[in-house]
Amino acid sequence: MAKNSLRIGILGASGYTGAELVRLLACHPQAEIALLTANRKAGARYADVFPHLAGLDLPDLTALDAVEWPGVELDVVFCALPHGTTQEVVAGLLHANRPDVLDEVMHESQGALAAAIPGAPRVIDLSADFRLFDTAAYAEWYGHAHQAPALQQEAVYGLTELAREAIKEARLVANPGCYPTCAILPLAPLLAAQQIEPADIIIDAKSGVTGAGRGAKEQNLFSEVSEGVHAYGVAQHRHMPEIEQVLSLAAGQQITVNFTPHLMPMSRGILSSIYVRMTPGVSADDLRQTLIERYADEPFVRVVARGVSPATRHVRGSNHCLVGVFADRVPGRAIILSVIDNLVKGASGQAVQNMNVMFGLEETSGLGQQPMFP
Amino acid sequence: MAKNSLRIGILGASGYTGAELVRLLACHPQAEIALLTANRKAGARYADVFPHLAGLDLPDLTALDAVEWPGVELDVVFCALPHGTTQEVVAGLLHANRPDVLDEVMHESQGALAAAIPGAPRVIDLSADFRLFDTAAYAEWYGHAHQAPALQQEAVYGLTELAREAIKEARLVANPGCYPTCAILPLAPLLAAQQIEPADIIIDAKSGVTGAGRGAKEQNLFSEVSEGVHAYGVAQHRHMPEIEQVLSLAAGQQITVNFTPHLMPMSRGILSSIYVRMTPGVSADDLRQTLIERYADEPFVRVVARGVSPATRHVRGSNHCLVGVFADRVPGRAIILSVIDNLVKGASGQAVQNMNVMFGLEETSGLGQQPMFP
Amino acid sequence: MAKNSLRIGILGASGYTGAELVRLLACHPQAEIALLTANRKAGARYADVFPHLAGLDLPDLTALDAVEWPGVELDVVFCALPHGTTQEVVAGLLHANRPDVLDEVMHESQGALAAAIPGAPRVIDLSADFRLFDTAAYAEWYGHAHQAPALQQEAVYGLTELAREAIKEARLVANPGCYPTCAILPLAPLLAAQQIEPADIIIDAKSGVTGAGRGAKEQNLFSEVSEGVHAYGVAQHRHMPEIEQVLSLAAGQQITVNFTPHLMPMSRGILSSIYVRMTPGVSADDLRQTLIERYADEPFVRVVARGVSPATRHVRGSNHCLVGVFADRVPGRAIILSVIDNLVKGASGQAVQNMNVMFGLEETSGLGQQPMFP
Amino acid sequence: MAKNSLRIGILGASGYTGAELVRLLACHPQAEIALLTANRKAGARYADVFPHLAGLDLPDLTALDAVEWPGVELDVVFCALPHGTTQEVVAGLLHANRPDVLDEVMHESQGALAAAIPGAPRVIDLSADFRLFDTAAYAEWYGHAHQAPALQQEAVYGLTELAREAIKEARLVANPGCYPTCAILPLAPLLAAQQIEPADIIIDAKSGVTGAGRGAKEQNLFSEVSEGVHAYGVAQHRHMPEIEQVLSLAAGQQITVNFTPHLMPMSRGILSSIYVRMTPGVSADDLRQTLIERYADEPFVRVVARGVSPATRHVRGSNHCLVGVFADRVPGRAIILSVIDNLVKGASGQAVQNMNVMFGLEETSGLGQQPMFP
């Protein structure tokens, strides 16, 4: 890299993932935040929206439409817009908002356009818009046809540990969902090793409330959420096809999983309690060994000591994923416990990790903060 | 009943289940609390130990050894002593602490002694000491031989809805554990109806911290528990054999379940997310219908409307159990969600319910308080 | 009372105070809930809005405009509508929604109309609309002239312990705010006894989040409120003039207090930490004695033992108010600690207490539930 | 500094302040943790005691008595031992545990010994043992005579912003208490400027539970603390004389304050709501201006914008102190709101800040992490 710093834009910076990007990038030695957008809060100082970051020197929030794209000269854009609104924006970004090119890309095949347009930043999209590469699956789960199908095909699903090489070259990274990251990291290697039965995977996931974003909804009020727990989106959650897409690839066959998310009275963290049936002759220790070997060189994924139960508290604020493996009393079954911070490894931290990979920086830059406990 | 009120003793009244018994009995029209024991706090006013109950007129705490048993003339004793210390105490209670009889009962067969001894109260034991009627299972899970095996055989496992008739006549009721109550209520009827596969039951349970009692332990400190979640006792929890014992009876065959408890950052409540495989030809709606019919006349168990996810908040402080049934996307599988308040239906409330049954009172007496939300 | 039960209406029943009224009245032996209104949720079953109360037999929610007033034949109406929308509604209720009378009352003096109109229910208003009897103060703090000034004068400020006699005869009770109830109960007797300096009263109040209602606002989201504390409405909160109005009456002079509310990461409860300067020669024990004597016969107000610090947990779910008094190390100063449950004694519980007083029922009816701890 | 890194020891490393030191020092470019002691957990891996720090390469825990002092060659020791046990340990450290010197220092005057002993590390003590320099006050509040009175006189009270120059040269820094740090930072400049009345200071403080440490005590259990608030140590807390000592110096006269701490259902953070009376002619804006000017060049203390209420969430995990100033409605009075993270600026963060000052490092080294919200 010739320049000292990357010039960075964050679209949709008034949500929790936006603030988390800012928090992490503030400790990144090669990051310069040059643009922050938020339509409803356009004109506001960032410190008014997130007072905990008032100590930083940041640009004011601006409306997305008010950005003069070629002029801002961004190297990379993090797109943290609501699901569904992102497709057109990303198509514009990747084509330098040149109408001639853009019209083409929205309607034609991708081939001729995949080359980088001068002046176009690379994009890391934190929404769900580019995660499903199956057009039919997208239409089924989101209720409408994808608006940028060529880009949908081109986008790299950015679970860093599984797609590092592709991420290096990607123009567009679809940053994975929080639940999928937590479930796929332990499951994909075990499916690839054919150590667990693809037809018998049950993922009981527990998430903090920040996973629902900062929107003002009755069901996320303190008085509705504290001192209790409940399942939601039972057999209907949109992270299910995302999990199945990646696990099917790992297994080499189509997989359907049980995925049941639960809302926890905590702000951050996901624990996936995963119940699997092992293939004949395989033991829980074999699963453990496979994961230890698979992630031996990874800075952010760690298999905990035998008998230790990973807790979301032990990854809070960090980009870590901890995994534990237990033999079940039911013969042939095992229990896998996986934890991440949904706002870090499940969103903004992995996005920064992907940025580091894309631009050839040290992969851990900006991600060296230890978990905060208590 | 000739008398207006039952004279009641609570042994081990300085714990949470003791306080909860007092809270509930304070609204019971036929209850008179005549004795409260707590060895370490003997001599203290109850209001000093539980200030929230200072408005009640209660006896001071006394040491268990200091009680002059025949004199107190109790009708019923709730035994909320720690697991393991209860066996000798209960044997004594049931035999009016007469050494001659007691010596016999601790060493001989039960037959001749099952008849009520004059002056002996009936006993509802909230510990785990009399829940397992299999002597070998008790020894395996608790690490020592049972000290009152005849009483172990005699004790009625007091899950009220499943054992009402036996409870009516029981001298000794083993009040069920919180996790077992929450899991067995939905599962037993489905196993009895042969609608689910006995070999494929996964119970992912989430509990509030009061389930761990009031003992001062590092792992239950606020700063250790808040803002996070983790599994504990994986594949080792002592409520597992209790669940398996009852479900095996219901199914007519030996059952082994996966049971994984999780500690939640909340004080009260248990949610059991239960993953089952249905027998051929059975649908989730069939499960639902079986449960609706089974519990149609029960005042405390209710199947919620289709699509509703039961929340622990919706039973807090009440003796209710709510159950929901969902079809899974994985063909042939279903998801059952069951919630209780661990201190009420999972402990003291069910104990009062059992007392009502034992003495021919209105079963809902003292249990009419609605859940408290928020 | 000739009838067995009061026929009760609750307007604005979809909020937390509405649900709390239903919870308490469900245990009231002389209460029949005949009407529940909520405009935005009109047509819904109450159980859909508050699943924890699904076990009760309740009327469906209806829109306020759809009520046929004479037909419903209510004895009493609890009005839990938003502040500002209540004045016209209450005027209508008290005059049986007869346009001829109503027009008069909204514009003329109160004298001729104070007599009960046949068919008109008595009203307990939980909003702030009728709490300030000073017209100018109302206009200053609420930004507009009162729309029913005659009723504003007629309304009885329903802090039960201070106004029991007037409440008995009232057509319209203005149920006190939560902060005022917690602060006034200890302060009014001390001012009346001239034991504390009226010019030096500092009330640092800490409230649970339910005080902000069930409206979907960003600042009340779980992720915004948990794990932290902050002051709000500093020197601007609308409960301040309400406190000052009542304390000024008690003191016989105009009082200005410092009142600083704080938002706590808890659902229920208010703790008022009150810092006072005593008049010459008065000790903290004197304050204590005055409060003990003043509230000796009150069922819901209790002065705790010397040295005990009242906790909001010890009144949760109950209509209790606990008060503690401590001498400060600064000579001549004392610290008064007062706790209530904001939804019970601070709102719905006191409203039921007032209903009991208005209709000559046992004052504690429906309010016998003990506090729930933990 | 010639060396690249400071060799650091942490005594009492198994508590929360110990873990927080490790978390912060892990991001410090010139820190090498060479020694971790914890008597009860001696021999354990640090990751077993604090799993969230398992990713770091740290020495195992050792018993304090087992340390071979000259050999470890430490530059600085953080002493996080329980209050009362520290005096002898610190005396030993500062004199290289040479019995000849040590015996002298424990009994003689300090003069001859103040010079650094070769091989002795400099000490930052996080306990309360050296904070009170008044021997009589120490004896009164702690119930026994100080065991190292010469060191008590020598120790520098390490509120960095107030004592930076003295800290640079100190052998022994008494790291301030959490409550005192939060209260003194805003109050000392205002007293020095004679803008507030020294006789009328009321500090209502709200603290997270980590302030009570990791000891297993019933009153700090999750179920005792969550969903509620209460005052404790009313008019008796040991941080009171510490506050008064420093404020008296600032004011140039003896000051007695009202200080009332409250336990909050949160892990981290302190909010001090401070009620003051201004001297004649002074306004709240004057107070604000004094604080802005006083802390203009400080990296960690910031006066927030007018009308903004500082929240503990906005400093969580950081070394920041935020201060807001409000005019009260009571003429002549003002409200000052001050927040810190009790484990960072209130303990370990300020300790690292002091280390940086003592060794001439960049003062913000290791303290650059932004607050974590939510």
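Labels A, B, C and D are assigned to the chains in the order they are written; within every chain, residues are numbered from 1.
To be clear about the criterion, contacts are C-beta pairs under 8 Å (C-beta built on N, C-alpha and C of every residue); 3 or more make two chains touch, one makes a residue touch a chain.
None of these values were measured; they are calculated from a predicted model.
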item	value
Pair joined by the larger number of C-beta contacts - B-C, B-D	B-C
Chain at maximum distance from subunit A, centres defined as averaged CA atoms	C
Whole-Å gap separating subunit B and subunit C, where each centre is the average of the chain's CA atoms	38
Intercentroid distance (Cα basis), subunit D paired with subunit B, Å	47
Residue numbers of subunit D (touch at least two other chains)	16, 208, 210, 223-224, 226-227, 265-268, 310-311, 313, 316, 374
Of all residues in subunit C, those that touch subunit B in their complex	16, 19, 22-23, 26-27, 47, 50-56, 210, 226-227, 267-268, 302, 304, 308, 310-311, 313-318, 320, 368-374
Subunit B-touching residues of subunit D, taken from the complex the two chains share	16, 208-210, 214-218, 220-227, 265-267
Complex contact set, residues of subunit A against subunit B	199, 202, 204, 206, 208, 223-224, 226-232, 234-235, 240, 256-258, 260, 262, 264-269, 271, 273, 275, 309-313, 316, 326-330, 333, 335, 337, 339, 374
